[in-house]
Structures are given as C-alpha cells and as structure tokens.
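A, B, C and D are the chain letters, set down in written order, and residue numbers restart from 1 in every chain.
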Amino acid sequence: MFDGISLDKLKEECGVIGIYHQKNIDVSKMVYYGLYALQHRGQESAGIATNDGIRTHQHKAMGRVAEIFTDEIFRKLVGNVGIGHVRYSTTGESYVGNAQPLTVFYRRGSIAVAHNGNLINADLIRNKLEDDGVVFQTTIDTEVIVNLIARYSGDGIENAIKRTMGLVKGSYALVVMTENQLIGVRDPLGLRPLCLGKLEDGYVLASESCALDILGAEFVRDIEPGEIVTINQNGVSSKKVNGVSKRASCIFEYVYFARPDSIIDGVSVYEARKNAGKLLGKEHPVDADLVIAVPDTSIPAAIGYAQVSGIPSEEGLIKNRYVGRTFIQPDQSSREMAVRLKLNPLKSVVTGKRIILIDDSIVRGTTSKKIVTNLKEAGATEVHMRVSSPPVAHSCYYGIDTPNRKSLIASSQSVEDICREIGADSLGYLSTDRLVESTGLGNEHFCLACFNGDYPIDVEKSKCSRSFNRLKT
Amino acid sequence: MFDGISLDKLKEECGVIGIYHQKNIDVSKMVYYGLYALQHRGQESAGIATNDGIRTHQHKAMGRVAEIFTDEIFRKLVGNVGIGHVRYSTTGESYVGNAQPLTVFYRRGSIAVAHNGNLINADLIRNKLEDDGVVFQTTIDTEVIVNLIARYSGDGIENAIKRTMGLVKGSYALVVMTENQLIGVRDPLGLRPLCLGKLEDGYVLASESCALDILGAEFVRDIEPGEIVTINQNGVSSKKVNGVSKRASCIFEYVYFARPDSIIDGVSVYEARKNAGKLLGKEHPVDADLVIAVPDTSIPAAIGYAQVSGIPSEEGLIKNRYVGRTFIQPDQSSREMAVRLKLNPLKSVVTGKRIILIDDSIVRGTTSKKIVTNLKEAGATEVHMRVSSPPVAHSCYYGIDTPNRKSLIASSQSVEDICREIGADSLGYLSTDRLVESTGLGNEHFCLACFNGDYPIDVEKSKCSRSFNRLKT
Amino acid sequence: MFDGISLDKLKEECGVIGIYHQKNIDVSKMVYYGLYALQHRGQESAGIATNDGIRTHQHKAMGRVAEIFTDEIFRKLVGNVGIGHVRYSTTGESYVGNAQPLTVFYRRGSIAVAHNGNLINADLIRNKLEDDGVVFQTTIDTEVIVNLIARYSGDGIENAIKRTMGLVKGSYALVVMTENQLIGVRDPLGLRPLCLGKLEDGYVLASESCALDILGAEFVRDIEPGEIVTINQNGVSSKKVNGVSKRASCIFEYVYFARPDSIIDGVSVYEARKNAGKLLGKEHPVDADLVIAVPDTSIPAAIGYAQVSGIPSEEGLIKNRYVGRTFIQPDQSSREMAVRLKLNPLKSVVTGKRIILIDDSIVRGTTSKKIVTNLKEAGATEVHMRVSSPPVAHSCYYGIDTPNRKSLIASSQSVEDICREIGADSLGYLSTDRLVESTGLGNEHFCLACFNGDYPIDVEKSKCSRSFNRLKT
Amino acid sequence: MFDGISLDKLKEECGVIGIYHQKNIDVSKMVYYGLYALQHRGQESAGIATNDGIRTHQHKAMGRVAEIFTDEIFRKLVGNVGIGHVRYSTTGESYVGNAQPLTVFYRRGSIAVAHNGNLINADLIRNKLEDDGVVFQTTIDTEVIVNLIARYSGDGIENAIKRTMGLVKGSYALVVMTENQLIGVRDPLGLRPLCLGKLEDGYVLASESCALDILGAEFVRDIEPGEIVTINQNGVSSKKVNGVSKRASCIFEYVYFARPDSIIDGVSVYEARKNAGKLLGKEHPVDADLVIAVPDTSIPAAIGYAQVSGIPSEEGLIKNRYVGRTFIQPDQSSREMAVRLKLNPLKSVVTGKRIILIDDSIVRGTTSKKIVTNLKEAGATEVHMRVSSPPVAHSCYYGIDTPNRKSLIASSQSVEDICREIGADSLGYLSTDRLVESTGLGNEHFCLACFNGDYPIDVEKSKCSRSFNRLKT
C-alpha cells in the first residue's frame, strides 16, 4: 500500500468496480463505498461514472476517494448503473486527464470504461488507429480499448468487446458501462482479478471480493479468464472468447496486493499468506525468540511462521497511520528517520531478543536495510529476515509498477549478498514451488514472471516506442 | 462582461492567443499575460498549452486566469510556442473536460487547438465521424475540428486545415499548435476576430489587439476571412481558402464584447462606440441635464452623446469591482439590492436631474428596469434611456450566448412597450444603419443577424439533434 | 484601491459596519452586503461577528469578502445584531490572528469590536496594562481598546468607552457589539469617518454612506467627533466626550480613499473630487487636446477639469479588472508590462494628441512615470500631468499606510524635479487651500498633515518602541 | 484513535511536545515529526510555535499535521526552541481560535503554551480574573493558565508557574516556551503523562516516549507529578511544588490512549496491554477456537490472551486505513455498513469458528454490537467478548472526552445485560485489580475514577457554570 513515506513495495496499478441496480436507485454512493474497499489498489486518482439511461454523469480527480467526493457531487451522479476506478501514481503521467473511468461518445451513445491492467501492444494498436485518422487525448491504454470497442460496435457491444479482445495483448480487468448495461471482462490469461457479486436487486463487479462484503453483496464467482459478463435488466449472461488455452493469474495478488479479506479465484488471500508463512517456517527454520511481522501485509505470514515454528509472534514494529502523502521530507542528515517515523520498533519487545522478521517481499532492499538497522538499534541481538515470496528479479509488464530491472536487488545479487547488504543475520526466501503450494492451486494457474522471467506473452515483439507522444502537466 | 451578479448582457464565448518565439524562450508567461488582456471574453475556464519541439505541456482549469496559474505550473509549461484560451460559462456543459486548448496525439505527433466560435454543423460531422468509428470525449466543437485536421494530415497540417474548412460551417477563430509551428485560422465569413502582432523575435496571434499591446507586440494586421497564417522558424506565410465571397463579421464586438483599446478589422472599438454615441445623440435627442453611462462598456458612447448634444456627462452609477462569482444571493425580499450592490446610483449627481442613461444594448431588459428604478429612487426626475445599438431580437448561432429568443425583450415587444416595461421616460435605440455607420465600414462587412434575423449561413439545414450524447458533472 | 499589480497609492487601513435590527432577524447577510460596499477600504482580511442575545458567533479569514463567506457560514452567524470589518494588508503583520472583529469575554458577557484607525499611544497603554498582568494575543490596537473597555465596564459599557477615549490617542472609528446593543464611536478629532443610517426596523453604522445605500438604509447623519452613539431596542441615544475642541478629519477620504457615491461629513465625495478638478483647471491650465483620467478614482476630477477648461475628456487608459492578487510577476526584463497590463493606453485616442493626465495623488511617483512613458509610446505628443491634491510629503500616523518618508517623492524633490523624474511635459499639483475649498468646508475641519506635516496629535511623545513583542506567521 | 466512522472509544484530548536545541538550529521540523508520532492523541487541530530569541513565530490550523504544514510555513518557523500541540475535536468548541499553542505577549516578552489536560476550576479562576478586568479570547483552559503565569511573572517564569500550580486544579501536562527557555510541567497528581528526552545538543519534552524515538532522542525520564523542568543553554534543572502527597495517573493511557511503543512512568504500554490480555485469559477463560483482536489497540491484549489460553490468535477483522474524516454517511437503510467498511470480518478465518473477541474497552456498546453481528453474519458460530479493562461507568473530568454518563452502557446495565445487548455469547471484563496488576504498579499510582467513580479531586466544588460565555463558529 502507498504511503507518504514510500516503502519498498511493488505497486498495484488500479482497482475497478461496477454496479448495476435493477430498480431505479442511484448507485453512485455504493460505488463510492466499494472504492473505499479497493483504495489500497491505487491512491493517485479516483473516479465514478454513472448512467441514468440517457446521460453519463462523471466525476474524477486526483487524490483519494475520501478527498474527492462530496454530497454535492453525489447529487449529480444519478443513475442505476455506475462504475468506479482507483488509480495508482506511476511516474510522469500522473495528471487528471489520465484518471478513469474514461467516458466517450460513440455512434450509439456513450461508453464508460474502467480498466485494471496494462496492454503490451497498446502502442502498436495506437499507431494503426492513428494511421486511420484517430486522435488520442490521454496516454492510458484504456483509450485504445474504448476506441476499438466503439469501432466494432456495429454488431453490438459484446461482439465489439470480443473483437477487441482478439487484438489487444496484455492484462485487463474491465468494467464497461453503457446506457443500459454493465459488462465485466477479464483477459484470456486471467492476469488481473475480477469477481461477481449479487445484491438484492442487482449485481456488482469488483477487482476484489472485499468490495462485495462492504456492500452486503453475496459473492457469486470469479469472472473466468477470457470471459465477458453482461448485466442488465434481464440479469447476468456470459460469453467466452475462443482459444483460451493457458492461464497466468498474477500470484502477487496473494503475496501483497490484495486485501487479506478477499477471496481471489477461490482462494482466501489470508489463508494463502498464512500458508506461505508456514511453508517458510519449514523451508527456513531458525532458532530465535520472536517472530515479528512488517505490518500490515506480512502479519498473516508471521502468524503462520509462528504456528509452525512454535516461536511466539509479537508486535515489534508500530506503524504510524497518519503519515500522509504530503509528508515533508527531513533534511539530508536524518533520512533514516522517515522509515522510523513510519515503522517504529517496539523496544520493550525486541530488546535482547533474537528476531525473525517476516516480510512479504523485497524489491530494492532499501526499506529492509533500514528496518533491520532500526531493530538492532532498538536492542535486537539478531535479526533473521524471512520473506514469504521468492526473490523479485524481473520487471512486470502487466500492470504492476516494478522499478527498472537494475533496481531490483535480486536481479544482480545472490541471497547471501542481499543478506549482507541489508545487515541481517540470516535471510531466507520462500521458494517458488512453495509459494504456489501456499495457494492450493497449481503452477499452471499463475504468472510467475517477476520471479523466473517466464513471461506468458512475448513482450518484446509487442512493443513499439512512442516516446514522442506524451502530454505533460 | 461576466459578474457574480449577472447583468443583462450577451456573453462572448471565448478568447484565444498563440505565441511563437523564434528564440529558445519559454512563452508560457507571455501567453498568460495575453490571457489577462482577453479575460473579458470568458471567465469560466482558462488553459495554456506549450510545445518544446518534442512534447506538449498543458494546464487548464475552471476559473479565471488569476486563480489558475502558479509559478510551479509555469515551471512545467516549457517551450517556445504556446497557445491559450479563455472560455465563458454557458449553461450545463461547464466542466473542466470542456476547457481548452484541446490537445490530441495523432499519427504525426500532437496538435493543440484553441477555438473561439461555434460550428453550425458540428453534430452532422460528429455523426459522420462516429459512423466511421471515431469516439468523442467532450461536447465542444473543437474536438470535431481537431479530428478532421488529424484525419486529413497526410498532406500536411495546412492542407488538412484547408480541407477541414471546406467541411465545417460556422464561426471559428483558431490558433493551432504543433511541435514546430503556430497556425492562425479565421473562418471564411470572418465572424470572429483574429489579429497578428510582431514581437522582436516572434509573432503573436490574438482575438484582440489589446493582447498585443500588453506584450509590447507591434500590430501587423487582422487575419483575413478564410485565411490560414502559418508561423515557424521561417517567419509568417499565408494561404486563403477558395471561394470566399461574402463577409459577415460580428458587429457586436464593437457594441459590447471587445475591449475599447482593441482595433478590430482596422476599426478602433473605442472610436466606433463613441461614434455610435454621437449618432445616437442625433437620432434620439432629448432635453435633459446629464448624460450618464452604464459603466464600463457604455462610457465611450456616453462621451459621444455628450459631445454631440452639449449635455454634460458625469459619473452617475458607481460600479462595485469586488462582487465576485461566489456572491451569496440575498433572500427573496431584497433581490433588487443585488443590482444596486453592483451599480449604485450617485445620489448627489442625479438628484433633481433629468438623466439620459446610455447603455450599449438591452437583452432581456431586467437590469435596465432595475437601474431606472434605482436612479429614480436616488432622486432623478426623468430617465431617458438611449441604447447605442438596435433592439436584439434574434438569437445568435455563431458563438454568442444569447438567451432563448422568447427571453429577448425586443423579440416580442415594441420600443414603446419596452420603454413602459423598464419604466423609462423615453427610450431610443440606435438604428442598424447608424450602428454600421459608426464603424466606418459598410453593411456588407457585418453579420447583423441578432438585429435583423438575416443569418449568413442557413442554420436549420446544418443542425441535427444530439441531445442524448451529453456528459454531465 | 488594492490591486495585484500595486499602483502608487496611499492605502486605507480598514472599513467597519454594524447593524442592529429591532426585530428578530439575522443581520449577518446585511453585514456581508455592507462589507461588499466597503471592500475598497481593505482587502487583506474580512470578518463578521453576530450576537443572538446569548452568544457571539464569528467568522473571519484572510482574503476578500467574496472569498470568505458561504451559505454554511451564514447558517451559523445568527443574531439580530452584527458587526463587520475589512482590513488592508500592511507589511509583516498580515495573518488571521490580526483580523477583526475582535471578540472577547469579560466579566459581563462578551464584547466584539471592529476598528478603523490607528492609536498613537497604543504601545504606552499596552505597557501599562502588561505591568498590571494583562496579556495580549495580537498586535492590533483594537486589543488595547477592548481591554480598556472591559476593565472600566463596572459603570456600564458607555462609561467604559468614555474612560477609554480619555486614554487612547489617535484615530478610531469603532463599532462595538454586546449581547444587546450596538455602539458607534468616533475619535474626538473625527479623523476617521463613521455615519448612521436607518432601516425600517433598525439602524446601521458604517464607515461610508455607500454601505447604507446598498442596504436601502436612509442616511441619518455623520457621527460627530468624540460622539458615542448607542443603539438598542429603545432606539438611538448619544453622548459626547468632554473637551473636544479642534477637529481634524482626514482629507484624503475625499482625495482617494472613499467611494465617490459616499457622503462624508455632509460633503459628497464625488462633488469634492469634481470641484478639485475644476480648481485644478484654474490653478494649472494648459493648452492641450484631451483630458484623460487615471481610472477609476480620478475620473470625477477629470470631468471637473474638462468642464472648466473646455477641453474634451476621453477614456485614454483602459483598466484591466481581472488582475488579481495572485498575479505572477513578469521576469526582470519586462516589469513595465505590469503597469501596462493594468492600465493600457488607448492608442486611437491618444495618438498625436497633447494629453492632460489627471491623477488624484502621487506617492512614490513610480506608477506616474510608467503611465507617462506608456502614453508617449502610444503616440501622445505631450503629457501634462495634473494632480488633484498637493504633494504628499509627510507620513501618516492615523491609520493610513504611507511608505517611509524617504520613499515619498515629494518629501525631497521639488515639483520641477518630480516633473522631470516622471517624464511629463509639465506638472501641476492642486494647492492645499484649493483642495480644502473643493470640499466646501474650512481648514479647521481637516488634518492636512500628509501635505504640511502639521500633525493634530504630537506623535513623538506618544510613541514607544515595542519591536521585541511581535508574533509572526 | 479518531476515525471518520466513529468507533466507540473514549477520546484523548491532546498531545504536546517541546524541543530546545542548544545550537543555532531551527527545530520546527523536529517538532513536526514529533507531532506525527503524537497524532493519535488528537486530530482536530495542530500547531507549532517557535522562538528565535526575539520573536515568536507560529502556525496553527484545523486538521491533521499532514494537512497543515508546508515547506513555505517551515521557512517562517525559525528558532532553536519550539513547541507543538495536537488537539482532539470535542463537540461545539471546535474552531481554529481554540487551537494551540497559545501565544501571548506579556510584560517581559512572549510566552507560548501547549496544554494536555483539563482544569476543574478554570471557570472559577476566569471569573476572578475577569473581575479584575481581564478579557479572554478563547474558551480553552490554557488561556487561564497563561494569564496566571504572566500575572505572576515578576519573580521569574518558574515561580510564576509554581504560583499558578497552587491555584489551578485538574490535569495538565504543559510545555511552555519563552524567548530563551523551554519548560515542562506536570500536574501534582501526574494525571497526564510527560517525559524528557535528550538529543545530541538539546532536549525534548513530549506526552509520550514514542515521539522521542522518532527524533532519535534518548529517553531520560518521566517528569514527576508536580515537577517543573526548565531547559535552557545551561541544560536541565528541576523544581517540585510543595505538598504533593498522592498520585493519580490516568490508567487509560495504558488501556487505550497511548501508543504501544511508548513507555509511560516506567511501564511499557505494550507490555501492560499484553499482561492485561494474559490476566483476562485467567479471569475469563472460555473454550473456543480462535482469539481475535479489534485492531489496532487490542492486538497486544489478544496476543496475551492467546499465549495464556493456548488458543491461536488470528487476524479476523480487517481495518480499512483509508476511511477519512470526510466520509459520506450512507443513507438510513444501511448504517451498519459503516462499521463493516471500517472493520471487515475475515470470513475464511471466522466461518464455523468459536471466536474470543478481544477489545480494550466498551463505552456505549454500539460498535461492539455491530462487530458481534458482523462476525456472526460472516459465519462465526460463537462470539465470546473479552474486554481488557473494567466497565467504564463514570465520566472523566480530567481531559478525556467521555460521553454523558447516561450514554455509558456500564453506568446502568449489568454485565449480563450488556452481553445480551451486544449479542455476544459471553462477556468478561478485566477486573480493576487485575488491570492495575497488568502495569506492575500499585493502586495508589492511578486515577481509576472512570471505573469506580472515586475522583482524586472534588469536581463539584470546583465547578461553576459559564454557559453564557461562549464563542461559536
């Protein structure tokens, strides 16, 4: 999750939600509550679009859900169908023009789309569309998708989406809104999650099931890879694109991105994390006094590790919940303070103790180093770091904000080197096989490219450079 | 001009400016100062886009120029070419997505366009483009224009603009920016003004010459109807579209819209207004003690009337300069107070006097009625209203925000009726011929449709309904 | 008046208003409209306090009236008695803690005070009160006044005010609000103005009568120097402090500060200014083609000058109404642009003409120089500057923001020198006697210290240094 | 801790910090980081005041630390001594005029004070001071304190504070700043905490030791009840007021208010909470499957309960960290959703399980009821509530925001009634003796009035009504 003081984590890029109510009820506030539940998936911007059967109404802005919407805005967001989006801030293209949902007018009315994911071949398609005279107003892939859908809409929206899915490559969980229906789409590899819930008189599509809980919606099922789910007054119908063979869901949803109270593709995120902790305890046991989690995401793994090792788990790092995005950085001399302000060691717990420090992942290694240092300064005699996922050694092209490969500490250093670099007394990563095992699903279910470099889509072939075509500010 | 307390005036829709500097100098602040000089043409939103030869940088927001731009924003608005836009608030479609300039990416890079005017056949072209798969993200005509230009750009931007001009009907003064040039375009009828100025090492295009004065630019000439002026490192070049026969510049620029220190199509706005006042004095003389203007736009006409009549001109209505857009309306009981707060009669001047009240135009008649009442309450014994333009009896379709025809007091009432309605002792409008005479130009130069209903383009044929296609909020 | 681009003017420090309604009606919005009419007297901060008979409610903030108050705030500002204040920004002490009204709780309830003026001996009294254990929370004189009133309140508020007036020296027009009355006070010399108006069921006290006009209040009379006017359910009563001998009202109210539609001490500000222009025309005639005012305050003087000289008056400088406080300064190279942006010469009027330029005052001379330069660049062949007040050569200690004496161009330079400095072809100031004559009142009515250094109160004796005692930010 | 969706907790009123640096270094940013660490003690307003030896500089505003301070503000907050304050929002008196620190000018310079606590006899002293002519500008007790200190300052600040402590009754932890020293004061009963830390070249006073950790300050000791600690260029000195006999520190700091990483009066808050959980497990054992904490404050108690009972502890309620103060309330129909949005049950963990739900306290019982309901709806078969403190049955008068006694569920209902009311299967509160035991200190150390009604100061005698004397808005 994002914090003013940036911790060393991979960043999710988006969360989406869509609600269709079969009665004449405004759904904008329900979308809003759902976005709250998905806020961990993106804090850069948020937006809601609704449709009252005639017109689309929308509001989007930079910032968090809590900062953007007011009662006055909700008075305008009328309609029984609505979609919402939260977006994470990636460098350089962070301005309100790129916020979602993206609403366009096309020959048959209007379409609004909210998208979680990243297309590999967006620039190629952009180029082709531009050759055909199309202009673009944003730098987000969603604009490519919505152009294709509008272009192919002659045979109906669903067919247009199907044709679009035949052209775009990459990851995408979409919610699409028209005047009278809500459509959910998941890419053929199932890279990004999307699930369906049922309200008393309506349906919800959301990136994670935790958004369903908030709305009192009953979880129905996950959208399948390559599936198009259409919701309207007649209820729910489904289509599948042809030729979906393999599957490659992002395993990092279980490692870090998703909320622990979500169930993704049938697997409880909490249970997967706890299992990962247990397996980690078996793979990398160590004689120590206490198991301590880096809060909040690593807590389930720490519980698992403690249970399997018999070593007690305690709170050892207190997280400051008030450090916001506008945090003013300390001067040169005291940059370590920032991490301590965010995560303060609990001296009375750690002093004189041999600590097993559980984190879910290490990206650059910078935060880990500071936490280890702070724990030792607080009196820990030993710090054994245990990571409930394998070393992240490869960049992601499917919607996750990974730094340049060179910045990934595991891309060039051995586990021993990393251990030395972060100052730990020992370091153990969960193996890829055990991580997969923690989910109860098979290897064939997942994209594990960030660990092993085995990308499910050939990235290089699909890319083209468009560096000239960028709008700033 | 727009005021928190809305006075009874026609509203201009936009002002545009473009600057090309031949040296490597950031022009964004120059665009900003120019927008200040054009602020009277629109206060709803403002925007600036610049290009540094590689990328477009832009910032636009709701509000006035003074509220929108900061030093931090200017640090990002780099580039030696830039365009700017101010927009007036018309009902219902007032949101930041409709602010200009509109910047798009197309096959050859990026184009940014700022547009003053209104297309008659925008919806027809939209429909055709949508049939071809194009999507739209705003409800402004400018998006139609930019799509056409991009679509036809294969033979170069200038030719694309030429083809576009062959398709669109209506009023448009455009400034168009690409990576390496600035282009100014005026519609074939010359409905909206646009002029060219010269900086030491560059050029300026602006809706009015007052923007040139601010920048210390030398006035070169007005852009001719149907002319495309291209400015780049080689200087200025020009093309004309074929088949421009008649001309129809908006005479209301002289009556009310333009600043008095502007020169439009060779005619000083101030002198035209003063002449109108003189001619009004000859057409509608009356025995009275004082000539009083409704400030600020009617002051030149009052000076003219006073000179020709020999009756002294005084300040008789004091305008409150601090009444902003956020003015909180008084309760039911005291709505008249609002006009008095805006324009307070100067009792010591008007008491016991027979007043000739000069206004440049009457639209609905509501403000006139209140001013006459207030002057009489302040002690004026007689109020003779003189209007330095003819009765406004027809709506405008070329970029001016006229109310529904039924709301135009002169559409259904005679001069006598209007006089009685507003409570004046006598009422005289300048005749259309005299108004034309005040500019020193001929009848054939102008669109006089708002007075006589003689539209230069057949409006009905060019329109189509698109009420379903609207984005709100 | 204050402008983002600072023109060369003396600055008023405050405006006050108080309303007492004898029916159970909330007066806060009436105070608000009144503050709009007084906004020219101060734009730094504004505040309103009301009393519902039990509690004081208040809101004050930095900025202009239009920016500060909302419907939500008005819902809280209940009560049939209210006072308001606008404050001008003087250097260094500009923060919200110094905004007024100042409300305190004392032994008998609460008092709120709004103050226009400046005490000469505030620091002396502060010291004495501090010796007595009193603490202060602001750096405004008003806090001294309110402490004295509370301290002497044993014999009733009116007597307390009387005793306070016996101690404080300097200028003050006060409106004082308690749970059940509104009190107006004017200092014994009558330095700052204050007048009384009558509503249907209530009364208004205001710095200027233009605020009465807005509220539809009937002008009753000016408060006399040394008078205490008390308004409550029983109506209006009055007391005078003893020993008021001489009078010294600020003549600059007529020259520049007040609105032309105000009547102060029986004299129309507009008429005084026009008279000053006439007398200026007699004192300093010159052969020329046009009379041009520096808008807006100099327009009446220009009308007078034109009438007496027979030379026509025209608009020759167009004022940009949109230049706000947040105006971003141009870079080094083009600082002159700022004045031109604010006041653009009307070329078609001035070209080839010999101009008589009328301004109401010259302080530093910086703006005059730029205007003369701009007029000549616009084509004026001669610029004869005429000033409708005498040279400002001495600082003011009674509430006017005069710069350091050294900055006053007339403190060290002769009229010839100034003429050369500003680049005018000739320069004439109205003499002090003629300025007094313009008001129709006698010399004994006015403080003329800024012209002749003859201060009505011995300033040096009353001052003490308190430089250590300042709160910033 | 405060949340947009208000949970059922007692509310702390304030946190204070002061820093004195013996080198010429600006301390404002250090104060800022310290306030971040204390933010849980109050989120209504925050302020910082600094002194550079000559002048006081200050900034305070409504909102959280992260929202209030900017680099621009820090450029003004110069000085090597500074104090800061965070304040909790109590009903009705929440406006910026009541924010702290409170800075006043008095006869010897300036004093700034930040205060955590509540005086019992503030109104009595106010009345006496007002009888003596003193006026007040706020409704906070701090203004009474600062008036007394200034009044008695003839013998030096320390003696003035001593005399002030002889008069005021109630709770107070103060940091006081003058031009050249920083003073810390703790009330004679030690009701509110205050501790001292050492920087390399300076000292820190703070409500909690967690603020010291952030600054890298070494914990020196707690300030003793009745102690005055003075810090200046000569280092630290200390005085004690006479006649301090008993002690009455607030035990709720351990139960809920303080951060777990703080050490207060020698006792680790984390350890005390864990001990309370262990003792709770012994007092109220129950056969169940899982121990679940209401996050975050109850986690240590849950760990303790789990350890002593052998029943595993899991995460069962996921807290949404993004629910801010501006959260828009759902409509009538779905108010329960608010608590679920804040605390979502983790279905996969709780389904089919018998839950021991650990909370640190129950105030009104409203949240407990919703959590129990939500857990059961999520599938828990039994919910046994265990509270790690005794029933809160009496209001606090020493700085804690307790609701009206009638709203305290335990004031009128038995444990059995409460159990039924909240829908739990069983309910057990920790006894007062065990709570005291959890801290390792004796009964004589604590104020336990909220549990047993035994107030350390006679409240009724010290109070007087001042309902008329209130400023709103």
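Throughout what follows, a residue touches a chain if its C-beta (ideal position, glycine included) is under 8 Å from a C-beta of that chain, and two chains touch if they have at least 3 such contacts.
This structure is a prediction, so every number in the text was calculated from the model and none was measured.
Any chain bridging chain A and chain D, meaning touching each of them, is missing here; the list is empty.
Common neighbours of chain B and chain D under the contact definition above: A, C. Averaged C-alpha coordinates give centres for chain C and chain D that are 48 Å from one another.
Mean C-alpha positions place chain A and chain C at a centre distance of 60 Å.
Per-chain CA centroids place chain B at a distance of 36 Å from chain C. Annotation for chain B: no residues touch two or more other chains. Pairs of chains meeting the touch criterion: A-B, A-D, B-C, C-D. Every residue of chain A that touches chain B in the complex is listed here, in rising order: 54-59, 73, 76-77, 96, 102-107, 109-111, 126-127, 130-137, 139, 146-147, 150-152, 468-473. For chain D in complex with chain A, the touching residues are 1, 4, 29, 32-33, 36-37, 39-40, 43, 64-67, 69-71, 74, 210, 213-216, 259-261, 263, 268, 270-271, 274, 296, 299-300, 303, 307, 312-315, 318, 320-328, 330-331, 334, 337, 340-341, 344-349.
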